[in-house]
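Heads up, there are several structures right after this.
Common to both upcoming complexes is subunit A, partnered first by subunit B, then by subunit C.
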Partner chain A sequence: MVNAQLLELISASIIVSALYIQGQAYFKPTIYAQAIQSALISVLAFYLGFALNLIDYVILGVTIVVLRSFIITYFLFRGLKAKPGIRESTRGVASELVVNLAFFFLAVFILYYFVLGRIGLTTEAGAATLTIFSFILFFQGLFLIVTRRSTIAQIIGFIEEENSIVLFGILTIPIPFLIEVSIFLDVLGLVVITSLLTLQKLEHTKLEELMG
Partner chain B sequence: MRQMLLEILLLAIPIIVNVGFFNTKLLKALSLASSSLELIISSLLYFEIPVKGIFFIDNITIYFLLIVSSIYLLSVVYSLKYIEAEEIRGIVSEKLYYVLLNFFVASMIFSTIINDYGLMWVGIELTTVASALLITTEYSEISLEAAWRYIIIVSAGVTIALFSIILIYYEYHTLTVTSILSSQPKDSLIIKLAVALALIGFGTKVGVFPMYTWLPDAHSESPSPISALFSASLLPVAMYVLYRVYEIYPLTDLFVALPTLSIITASIILFKQWHVKRMFAYSTIENMNLALIGLATGQVFGAVILLLAHAFGKAAAFYSSGVIIKTFNEKKMDEINGLYRMRITSSSLLLSSMAVTGTPPFGTFVGEFLILKTLVQSGFIVEFILLVMFLALIFISINYNVSRMIFSRPKYDRSPKEPRLMSLVSLISSVVSLGIGIISIIWGVIG
Partner chain C sequence: MASDEALLIETIVQVSAAILLSPLYQGIHEKLKAFVEGRRGPSFLQPYYDIFKLLKKEVVVTENSSFLFIYTPYVVFGIYLLISFLIPVVYPSPIYLTPTVDFLGGALLFSLASFLKLISSVESGSNFVALGVSRVLSFIFFSEATLITVFFGVALITGTNNPYVTLQYLTQDISHYLQLDHVLITVSFFMLWLFETGKLPAESSGLSEMGMIDDALLYEYSGKLLGILKWGSYVKQYLLGSVLLNVFLFPWLLQTGPLGALLDVFIMFLKWLLLILISVIINTTLAKLRLFKVQDFLAVSFILSVFSLIVTVLIG
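Our next item is the complex of A and B:
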């Protein structure tokens, strides 16, 4: 038996972690928040695994913790260590957060009433409307990429997007394990490459040569 | 049994040859052998289709395989001279260049032949992992930024495609391509949403509006053999995956509208282009979207001819641009002049620009003609009128710029020296594009 309120609580905590990342300009807390966000998703997977008696969810939970909370966090810190800097050189993090909240409520409203309410998604985890949390997380990641200039913040935005997919999968239907693991390894590969790029370029600005 | 062996070899060879990593010369020779073998195996597989099982190769897949393996061979031969150790600085060494190139090709082949939507997605994401660093081969702040934009935009887009894959799995409880395509079509909102999300997601890698902004950056800053592989192989492979999703539930109106918008926006930006490789990158957006319209309207044959001819024509355009940029040390078209003195390169550039703009009798013309004809027959009159107008604008923009670079008076008396191997590869590639068109016309495909 699945406790829907508990699922909502964990899902809401994941969104809170995303909002914290959006409002944070310091690198270290942002990286830790990403690790916590991934851990919360694994908690969700463990809970569903035990509640529904599905081993797939438990293995998924372990994979998320190991790859996202530990290995990816390690690579992000490694990239940061080689190019010292404690804070992103950006202003207006607070105002960005306000815009983000407005964007977030609008997106929730549109998705809830115009998409999820109509397509008739039913899930093993309970109410289909729970999947709204994955879409919110996706938009949070997208917003982080668009509003920030640092490599670290943008890659965390990308990880948030990937987390949103995992959340969507957990809340709707667990996809075959081979594919799930391949997806995780792909993301890990991208993070390793971005940590290499972080060593060369910590911030991204507009370049005349790349316009038009 | 023979089929399976060929498929495994096709996938394994580009990976296995990387054992030559300890010696640059050996790695180069093995890469050359690998690319030749890939072309031979792809050609042999032509006689084995249809293949169904772990892998899926039908009479459409095979052309995509031939495109990837042909451009792989041309790019490796071109790289032998283009990528030289003393010029390499930054992250990618000469050895790493060939290793990543081989992995890149393996990931494209994997995406094309695997009989599983989920693993196709994995393959497409792998192409990003394998190719991102290749963009930074000619190390500069600009190439680093281009690589970064490539990673972040494409990954964000492809993530959207994963939503689509999960929805497909939700609806069918399998991701096997052949099982889904042979099952009863489902007219559900979930599947429609999945196909629409795939257009945005995989469309990012195909060059569909609005997520194509990575494309001119990555194409312009990559070394020319990689630009050729991006434009001629990677984008068609992503289109192939998108087409396989489209087949589940054809949302034709959407798949015609967005590519039309892509061509319009690309042609407007192209009109004011100053960078030789960015110009050809926008032309790629045009050709890919036109091919996508062909696939969406059922003109698969036209789309395949367009993609084949475009692959060779565009590869030639990037190869000749590479020779020009190396010779003049200049990317601005205003600063490049008197190219007629480089006979092979200028011939190749002229032929390739005619090829990518759909000049008769090139294969691209045949493909475009068939696609536009089908568009009218399918009742997309507004889209047809818009496309004809903007394709004409693209034709004028590219051919005007190329003619100016070739036939203008040279600023310096000194005659530029032409790297023979690179120029010849470029010329051969453009002639193949012409050959595809002539053969198609002789066969009477547009009659």
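Our next item is the complex of A and C:
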């Protein structure tokens, strides 16, 4: 049987890792935190695989840990161009964290009371309310993209969104389909785009975006 | 009649332990910290010596200050004395005056004491104190919010706003203690305790230090008034630390009955040694924070407490 408290604990750790990424200005620990976040999602998949006796979850876990914790981390470090200790100038961690909190707090409550509460979602693992964590992670990824200027932080925001989709999918979508979509997005969307974008330029400013 | 006498003994034990033993824990903390740093350090009774010395000294009051400056230390000490009746800081069952206010009332009393301290120190008219007050205010807008959110969290977990019920709920079953919302709220309150009692590796209490936070408020106080304020801050540290231990971090082992109350004083001493050890490890192993990082630290504590509320309300 699936232990709901263990699922809660792993999901909450994923959210805490996202908060850490939001508050961290240095690139190196941010990339490692992203790898840990992806590894935590694969731990969740492994646990469900063993608890429900389904090999599909294990395959998904292996895919996530290989693609996100190792390959994407490698490409992000390559994009960093071996400059240790570089960081992005952030505008006040405390205010960013509080705005982030207000953003996901409000979004999640609206989603919970107006959407999830009405459609009567059921999951294979029997933990429908846990999908709330995936929404929190999604909004945190979105907020990271909005608040940061550097390509690496924005890509990590995108990975967080990807992670949130997998987290949601683990509990709701048929797993074989999720594995295919996940690999497609990882290989094409993340590895190819990550390597291209980080080679192109490290930081995006408003003026650059407006130039033709 | 017998139960009334028992209640009286339990009350006397709890309140006198909170008032009389609180400087001891500060002394032990300083001694242990000095030991880890390879210094001899002051005696563990040093806070008592300081208080006695200050209580005997003459009070000097600036010309600009009003009656608030003179009487607030007594009121603040009185508030802490009242709080020691309300929350389980030594004895795990309600005592005299406990039903006066609930957990949130306790939090509001702490806030009232902080507010009065700020107002009275500004009354001195010193520029340095005004700087200190503005610094304190730039931090406590987070810490007070966290304190109230944490107490909301406790209320939501147990469905009541009584810390004694929380204590019993946690000791009933280990699964209650390991609930995610309780774990998050404990971490949050521990971070808050580190800030509120000056145990963060950002603060220093020397006279000419730029890192002082709480001590800047006492800058113009002298003699008996300073002694009372210092004693009050030791009591506040004891009250918050004991709530952290008994309601959040380590709620077990407390005994009931008059003899149990006496035993509880010793048990609390052992629990406090554990808390002091954790605090000393944090203080001596972490690099000193830059002062403005305290806001980030408190923001994390606040977010964890609100996240705990989300988990309690939505996940259940």
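Operating definition for what follows: the second predicted complex is superposed on the first by the 187 of 212 C-alpha atoms of A that agree within 3 Å, B and C clash if a C-alpha of one lies under 4 Å from a C-alpha of the other, contacts with A are read in each partner's own complex, and residues count from 1 in each chain.
Keep in mind that, in the parts below, a residue touches a chain if its C-beta (ideal position, glycine included) is under 8 Å from a C-beta of that chain, and two chains touch if they have at least 3 such contacts.
In this text the structure is predicted, and so the values were computed from the model without any measurement.
Undergrad: After the superposition on A, what does A:15 contact: first (subunit B), second (subunit C), both or neither?
TA: Once the two structures are laid over each other on A, A:15 reaches subunit C alone.
Undergrad: Kindly classify A:94 by the partners it touches after superposition: subunit B alone (first), subunit C alone (second), both, or neither?
TA: Touch partner of A:94: subunit C, not subunit B.
Undergrad: State whether subunit B or subunit C is in contact with more residues of subunit A in the superposed arrangement.
TA: With both complexes superposed on chain A, more residues of subunit A are touched by B.
Undergrad: Now for A:86: first (subunit B), second (subunit C), both, or neither, which partner does it touch?
TA: Neither partner.
Undergrad: Touch test for A:55: subunit B only (first), subunit C only (second), both, or neither?
TA: Neither partner.
Undergrad: Is A:108 touching anything from subunit B or subunit C once the two structures are fitted on A? First, second, both or neither.
TA: A:108 sits against subunit C, while subunit B stays out of touch.
Undergrad: For A:5, is the partner it touches subunit B (first), subunit C (second), both, or none of the two (neither)?
TA: A:5 contacts subunit C only, not subunit B.
Undergrad: Show which residues of subunit A lie in contact with subunit B when the two form their complex.
TA: Interface residues on subunit A, with respect to subunit B: 115, 118-121, 138, 141-142, 145, 151, 154-155, 157-158, 161-162, 164-165, 168-169, 172-173, 175-176, 178-179, 182-183, 186-187, 189-190, 193-194, 196-197, 200-201, 204, 207, 209-210, 212.
Undergrad: Where on subunit C does subunit A make contact in their complex?
TA: Residues in contact with subunit A: 142, 175, 178-180, 184, 295-296, 298-300, 302-303, 306-307, 310-311, 314-316.
Undergrad: Hey, which residues of subunit A end up touching subunit C in the complex?
TA: 5, 8-9, 12, 15, 19, 23, 93-95, 97-98, 100-101, 105, 108, 112, 129-130, 132, 136
Undergrad: Within the complex, which stretch of subunit B touches subunit A?
TA: 90-91, 116, 118-119, 121-122, 125-126, 128-129, 132-133, 136, 141-142, 144-149, 151-152, 155-156, 159, 162-163, 165-166, 169-170, 175, 188-190, 193, 216-217, 220-221, 269, 272-275, 278
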